[in-house]
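The letters A, B, C and D name the chains in turn, as written, and every chain counts its residues from 1.
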Amino acid sequence: MGMWIGRNRKARVTYGFDEIALVPGRVTINPNEVDITFRLPRKAAEPLELKIPILASAMDGVVDVGFAIAMNKLGGLAVLNLEGVQTRYKNPQEVLQKIVEASKSEITALLQRIYQEPIQQDLIAARVRQIKDAGVVAAVSSIPQRAAEFGRIAQEADADVFVVQSTVSTVRHISSEYKSLDLEKFCREMRIPVIVGNTVGYDVTLEIMECGPAAVLVGVGPGAACTSRGVLGLGVPQVTATVDCAAARDAYFKKTSRMATPHANLPRGTRIKVGATGSLKQILFGPAEVDDGSQNLVGAITTCMGNVGARNLPEFQQTEIIIAPSIRTEGKLFQTVQSVGMGTS
Amino acid sequence: MGMWIGRNRKARVTYGFDEIALVPGRVTINPNEVDITFRLPRKAAEPLELKIPILASAMDGVVDVGFAIAMNKLGGLAVLNLEGVQTRYKNPQEVLQKIVEASKSEITALLQRIYQEPIQQDLIAARVRQIKDAGVVAAVSSIPQRAAEFGRIAQEADADVFVVQSTVSTVRHISSEYKSLDLEKFCREMRIPVIVGNTVGYDVTLEIMECGPAAVLVGVGPGAACTSRGVLGLGVPQVTATVDCAAARDAYFKKTSRMATPHANLPRGTRIKVGATGSLKQILFGPAEVDDGSQNLVGAITTCMGNVGARNLPEFQQTEIIIAPSIRTEGKLFQTVQSVGMGTS
Amino acid sequence: MGMWIGRNRKARVTYGFDEIALVPGRVTINPNEVDITFRLPRKAAEPLELKIPILASAMDGVVDVGFAIAMNKLGGLAVLNLEGVQTRYKNPQEVLQKIVEASKSEITALLQRIYQEPIQQDLIAARVRQIKDAGVVAAVSSIPQRAAEFGRIAQEADADVFVVQSTVSTVRHISSEYKSLDLEKFCREMRIPVIVGNTVGYDVTLEIMECGPAAVLVGVGPGAACTSRGVLGLGVPQVTATVDCAAARDAYFKKTSRMATPHANLPRGTRIKVGATGSLKQILFGPAEVDDGSQNLVGAITTCMGNVGARNLPEFQQTEIIIAPSIRTEGKLFQTVQSVGMGTS
Amino acid sequence: MGMWIGRNRKARVTYGFDEIALVPGRVTINPNEVDITFRLPRKAAEPLELKIPILASAMDGVVDVGFAIAMNKLGGLAVLNLEGVQTRYKNPQEVLQKIVEASKSEITALLQRIYQEPIQQDLIAARVRQIKDAGVVAAVSSIPQRAAEFGRIAQEADADVFVVQSTVSTVRHISSEYKSLDLEKFCREMRIPVIVGNTVGYDVTLEIMECGPAAVLVGVGPGAACTSRGVLGLGVPQVTATVDCAAARDAYFKKTSRMATPHANLPRGTRIKVGATGSLKQILFGPAEVDDGSQNLVGAITTCMGNVGARNLPEFQQTEIIIAPSIRTEGKLFQTVQSVGMGTS
């Protein structure tokens, strides 16, 4: 297991989502008849059922209260970031607008300034209640260091799901500056389901699962560069899906610019244009009016499940994976050259 | 067999046509002396002989009645799609013209509208007879769900070959909305040769072959994204050949735009420009007037067979394959930079 | 040995020159002190010594009489193609000029027309004598089918080396249209050294070596697409060197366009611009005035030999090879973006 | 160990820095609490401690006296090249200015002319003293052939570190033109720490370490093409860090063009634009005002160490490495297309 990279040192070979593919099934299924319900286990209740297994990332550029309500009504789960503009500003809409309008040269400094404003604890409960008042489930998130405190506030405000979010999550984190999260204790004491993400290492994921969360998000990328992407417990490639959630949100707000993960001292995130191509409902359920894969995400999932012969999500997770680097370009010559269809990206 | 992709999960490595090559033979053959006849077995007759082993894809953008007649006269086999514009419209030429003229922004919606028109059963027999009246063989196709019905109509109209076409073909397909095709029964009951395609999975192909079709098409790409490409039972890379069939058809009709696989709800196909460079005969047999490989497809096949030392197609199928990713770029620096010769693509 | 490409079929993995590298030696040598003399064994004489191990390809775009004289005086070996314009036209210079001036759309047809003119046997001897009269060695080539006849004429005209040239050389070639070359008999009967090239398959090369040629050229590319490139018996990557021979020749004639391998029916060759950057002497021996590796080829070879610790060519051939795909881009970010130095290609 | 590249020849597979990644730790650490002190052993004194493990390459385009003082005050180690313009010219600033202003077509010839000026021995001691007079450590370098002589002069002038610099360093070098360096003897006799670099071969590195240097620089690239890049003994990928040192120096001097390794006869180096984005302090310690990774190098190192769970540099060197070619593009679609953030390169 591993290739030699020196006379006495081996390295495992790892693969990205772009390099793998799912093996077509020996049995196929009519896509209209596959079951894509996602069930999130709860402690003192029936599982929380999501009609569609699509999670909107807890990024300021993706989820705010209005989007969370719209998304959750349609059967998905939008996670509101408790450490972003929503809890730092009474009127986050104004702040987002400034970000959209900033020029390329001033955007990094602006983002840093915006995120120096302190989090207002009363806004945490307020945001949860705004979502709940619409009659839908509410999911919120924070990084591990604040999970104990923010998780308690969110739970008291009647949130349905709490996400412990981290670029690289580990069960054990060493720090003398702040108190590390005791994940096992946190999962045991929270009454609502805890989701942990985005894990990127195999061993870390196993250790996290032993702490008893309701689900684990599998992130993209083998190291520190990975960002808040992943799909609710699927364990299969869904990059397109989560990318398009940003597009969906974009469609909702009719804006054209968003940011990822700003950081005062070492910015790794940046503002990107997503460019939504239709309404949120159309992006999720179609009918697609464009041919680039950015609409009808649910149709894409059910077609894929039909092709691989998976009747439901647990079966989908068991699909055989192949390593197939050429799948990115194979048979797409005309599309790529002419920038149409799947050749656009 | 397979690489580790996690502590307890393996994945096979797979390769695309762009990544493999055929090994030059220890014996070479004068290309003028190789035999490229393809023989399709028939139940109550001698095999159907095709002078050249080139199949024109059953796509609306490639095959109509006129093209089928021209192609089959030249020794190949053009397959007419029974679910496209040819059987939905009395005058498909008008419809194709609209597609050619549509702007980039309206093309997806137009394609969806065009394919909502119902199939007219009397047009199926009519198209077969139009081809037969020219004194050539007629090959038609449908997806599995309609094969039982359309196969019977085509056979009664005196078609010579029926193609069961599917993005991902499996012997077993689960659906309660419609009746799945019993492929074994279908192959047993049809009097004319049945070709099944485009298979992409190895296991599926083996199961299909046990159902008794006359031939199986091997498609491009390991998953759901693969489209109707492949070459009649060769089992060797022929991507260029099938791409150029679209160019050939284009040359025939003097049009410049075609579409692939439109779908009302989840379009994966799109309209692409092919741009023919010569007459159909020239594209198939040369002499080539251009140096980009889009003319004299038969010359390309015989030269390749001569180089690998294959005297006929069964021997060609046994050629040793090597995995050679660098073959795409090796020694093509000048051509690529200057967009001449094989460096164009 | 090999990767599985199907449940019961394996394929060997092969590598291109761009994917491999030579391992730096544990001992290094002052480049000024390595010996690059190439010795070509002769039957009834001392070996033919070449001061520099660089062969100019037998292509009409590279070698004519004047270039052969200039190149061979400088210590290399330029091979004149006996089937190109030099033996079809009394005044080949005129013909080359037409090729240079033709537009992109007419070039393929023009090349085909030019190569339909028959070869004039008296010009074969004339060209050899023109080179010999300058007091340098003369090397000429033909494809296998004509080697018996042209080899005899060239030898009688006092040529020093005969090259049997072929896209894919094999010892055994099957044809009823023409007589195949009996390579073993040919090598035994020729008095002057016979070089065979360009071989691309390992087994074929072994079989050819058993026929007793003086040297074998190792070509680029694993299949039929490989062209007349290779370096005299080195067995190590020399792509840059042969490419630059075209540049060298270009410098000599002050022209800017050349063609590769035209073919009446299936053109795979094409006309490319090479663009020489200095005089032939400067290209071979420096001093280099540019930083893109196109000048001072001998300096590049001796520096490389010094770094890997090879004192002479036989030792150079034994250098350990590594597979290192990243060598093409590693550490060249700035150069590539700014199109300077080795980042240009 | 190795892949077959012929029937009786194997080749090891090697990887570039772009193809590997560090495995996230099962334990993570607060980045503010990792220790990045680098300790360089000395013979008759406590180890020389560097606050930050960043080395500025001994290239004329990177280090001069002023930059060395500024860099070393900030805790890093800038190495002054004793064979560049600093020791050939009393006023090197003028010369650098000419290089900056030269046009693209004249730059190679200009560089060759500049480096034909002889080295003035008195300038070696003068440069060392200029640096020492500022109260910081002084590090200088030469190629092996001149190390014995220049090392002695530098040591007498009170330099703190001597770097034996070579494209491909070996313990044994064969030459009759000049005296090869006896590295073991040199390391034994020098009183100040000797660093050897840039080694690229594993076996060579082991042999060099047995000669007793204080540290070995690990270079980029498996062959002769590698240039003066590497990070002080870390043994982990730090390409970005060293590239950015050039940017740092650029910021210091407010210039926009630099050159790499000019050579009179075979130029492999070239002049590149680096384009600094901030002050040297900002580049090293932040706060970063841009999002492309070119600022706050120390923050990048500590964040990485925190993520992989390394408390100090010796632990960092033991981090598990994975081979992960897709890490270059994975999840960076939007950034790449829009040229923002890490997608810029």
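Please note the rule applied: a contact is a pair of C-beta atoms (placed from the backbone, for glycine too) under 8 Å apart; a residue touches a chain by one contact, two chains touch by 3 or more.
For clarity, every value in this text was computed on a predicted model and none was experimentally measured.
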| item | value |
| --- | --- |
| Homomeric contact chain B-chain C: same or different residue positions, threshold half | different |
| Remotest chain, chain A as reference, centres from CA atoms | C |
| Distance from chain C to chain A - Cα centre to Cα centre, in angstrom | 56 |
| Centroid distance [mean C-alpha coordinates] between chain B and chain A, Å | 39 |
| Touching two or more other chains - residue numbers and ranges from chain D | 12-15, 203 |
| Chain-level touch network, classified as line, ring, star, complete or other | ring |
| Residues of chain D that touch chain C when the two form their complex | 3-7, 9, 11-19, 104, 108-109, 112, 167-168, 170-178, 200-201, 203-204, 207, 220-227, 229, 239, 243, 260, 264-274, 345 |
| Chain B-facing residues of chain A, complex | 1, 12-15, 20-30, 32-33, 202-203, 286-291, 293, 296, 299-300, 303-304, 307, 309, 311, 320-327, 329-331, 333-335, 338, 340-342 |
